[in-house]
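One structure below.
Naming follows writing order (A, B and C), and every chain is counted from residue 1.
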Amino acid sequence: MSDSVATESMIRLVEVTKRYPNTPADAVRPLSMEIRRGEFVVFVGPSGCGKTTMLRMINRLIEPTAGQIWIDGRDVTHTDPDELRRHIGYVIQQVGLMPHMSVARNISLVPEMLGWDKRRTAARVDELLDLVGLEPGTFRARYPKQLSGGQQQRVGVARALAADPPLMLMDEPFGAIDPIARDRLQDEFLALQERIRKTIVFVTHDIDEALKLGDRIAIFAEGSRLAQFDTPREILSRPADDFVRSFIGERAAIRLLSVVTVGEVAGRAPATDRPGEALSAQPEEPVSAVLDRMLTQNRQILEVGGKRVLAQDLLFASTGDRQDPA
Amino acid sequence: MDFFSYVSQHWERISFLGMQHLQLVLIAVLCAGVVSLGLVAATERLPRVRAALLSFTGTLLTIPSFALFALLIPVFGLGVLPTILALTVYAVFPIARNTVTGLEGVDPSVIDAARGMGMSATRRLFLVRLPLAWPVILNGFRVATIMVVATAAIGAAVNGPGLGELIFRGLSRIGGANALNEALSGVVAIAVVAAVLDLIFVAIGKLTTSKGLHV
Amino acid sequence: MSMVAVNQAEEPKAGSRWILPLIVVLLVAAVAGYIAGAELDSIESRALEASNIVEKTWQHVRLVLVSTAVVIALGVPLGIVLSRRWARFVRPPVLLVANAGQAVPSVGILVLLAIAVGVGFRMAVVALVAYALLPILRNTIVGLQQVDPAVIDAARGMGMSPARLLWKVELPLAVPVMLAGIRVALILNVGVATLATFTNAGGLGDLIEGGIATNRMPVLAVGCALTIALALLVDWLAGTAERALSPKGI
């Protein structure tokens, strides 16, 4: 797949449906969706909303009852599922490392199945361990049980990336990791994604994680209803309905501050001619980070792209276009 | 005569019967292994049949061994064949049950990960499920073997081979000078065979289980 | 059989619960029908007389009941004592010896006792008790040890005395595992009691051994069938009792 002609759309779901025998309702109602190449899409919703089922239908671990799945311009609804999965990275919450195999062997499994030679595989293992921040010399020969939860999931990500698949499916990969390590893993993973630019479909029930990681977020409601599929910024400033509003919870306006950048907001805010020392920031920095610096350094004026803006104007310009009567 | 001089005097016969006993046990366990693994493999997709077979072989285990040995006489006569057959019947359950327990005990997330990376069912079985279930399966073989070593003694009651002969010969000479020594040598030799086999199983377990499973 | 299981009886399906007693009834009916209809010579008809069969069966049942009662009376208190904290240094060697005893053939114990001490009912009971002690001892200890420490902690936290803790919390929670051990002991005893014929203690083994010695297959077959029927019946009764006596909610 990686060598097929590049198309704008990486995943195209057409009326994909799942119904289990002897059940009255669809586990996943007919769903259509398009995910672009290099996009980081997060499926989020309460438990039982069908988001994991949806994810597992993309690599056909769960076979859809109806509908079509297109990946990289190819209809894969009826191709050999094993062959399909070898070209899609898959990361799950419980990691699922083979406990009887060393870290290196775990990572080499897919390259082995694809017939890579030993030298190429070994080189790839070291490259991937470096990529996920584990020193190859130290970790290559270790067994999963000798690793911490965070280290195990790093290996899990390396294993999914082994054959350089264009697409990664991740099912709550950081859900079982303690909050501090999770935060670090998320940051590292975002930095990693900057470099490798995979198409990622990521499932979580944590809206904060979704807002932090996703280019676009699909919010599912109970009964697998797709309530909204949009950028974090749009979701925070224009929630589609009451479900989305209650799901993103309180302080949507505050959360918005970490989603919008000072560059765009400063463009909307009035310039000030008040004298005083300004804090300068890069246009692509999120408003929340810049505000934090202003508060700690006690500056009331921000300078970005040659324009001077007052803190209060920056704040209201950030959240000013919200349409949320509640 | 004390026990030790009795044993050294009759060492040749005791060791001969011991080897017979060992062969008997190994053949029975091997047959039972083939039968058990066959049953488990054949019922891979038939969980109800598998449960029924397991409970049936489990019930066979409650049959008193003397009755089972004797019951085979009208069909197979006295001697080696009914002994091996009866011991095989007893050894099936521990092996089959542990194989099932071992395979079912494999962490589902590991299987999910294996499927998710595109491993075929055969590859999953040989690369993931069997290696992970192996310690439990091996323990089933161990339990079956130790059990069969002790049970095989009763085979002598139907003229079967093995160390049971010493026990029954001792019994038949009750009151005689060496009756106790003879029976005791049989009992001790059986315990020694069991202990040696147990140690061999521990060694096999150490050698064939991935280091990753016991760190 | 020398099978020692720590695991408990699995819950059978409502329908299959009656398969075992059905087989027992069929076996006994087949034996009765066979004896009534077959042409038997004098040795056979003497061995298969109703009074003789009833006597052998009663001897067998008596051996099993007496030895099981004794082994429970010995094994359960001993297991409780060994499960206490202060006994933790004695526990491993005792369990080691008990486990090693499992490798000794039952017929060996029976015969050694007969040669060294004497034959008959009492000696047979001693042998049965020695052989069935392990499952009861081990399951009592395991049952008590697997009680959730958090439950014990909570009970002590509310001020239960050690004796009350044992009676009200630990023992009730250990009962299922202990009952499984008693069931295994019962089944072992039915099997080993078959061998009591070799030391003149009677039982259904007499029919089997008599059939082999006199080369009378009908006697042997009846002996085997009745032994198997008894074993299945005891297993079924024990399993039923195990389910009935286990505290609800476990």
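Here is the rule we go by: a contact is a pair of C-beta atoms (placed from the backbone, for glycine too) under 8 Å apart; a residue touches a chain by one contact, two chains touch by 3 or more.
Note that the coordinates shown come from a computational prediction; the quantities given were computed from them, not determined experimentally.
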{"item": "Identity of the most central chain, Cα criterion", "value": "B"}
{"item": "Centroid comparison with chain A (C-alpha atoms), farthest chain", "value": "C"}
{"item": "Whole-Å gap between the CA centroids of chain A and chain C", "value": "61"}
{"item": "Distance between the centres, which are taken as Cα means, of chain B and chain A, whole angstrom", "value": "54"}
{"item": "Geometric centre distance via CA averages, chain C-chain B, whole Å", "value": "21"}
{"item": "Of all residues in chain B, those that touch chain A in their complex", "value": "107, 109-120, 123, 127-128, 131-132, 210-213, 215"}
{"item": "Touching residues on chain B, where the partner in the complex is chain C", "value": "52, 55, 59, 61-68, 70-71, 73-74, 90, 93-94, 146-147, 149-154, 157-158, 164, 167-168, 170-171, 174, 179-180, 183-184, 186-187, 190-191, 194-195, 198"}
{"item": "In the complex, chain A residues that touch chain B", "value": "59, 61, 81-87, 90, 92-102, 109-110, 113, 143-146, 156, 159-160, 169"}
{"item": "Footprint of chain B on chain C - complex, ascending", "value": "1-3, 10, 12, 16, 20, 100, 102-109, 111-112, 114-116, 119, 187, 190-195, 198-199, 205, 208-209, 211-212, 217, 220-221, 223-224, 227-228, 231-232, 235"}
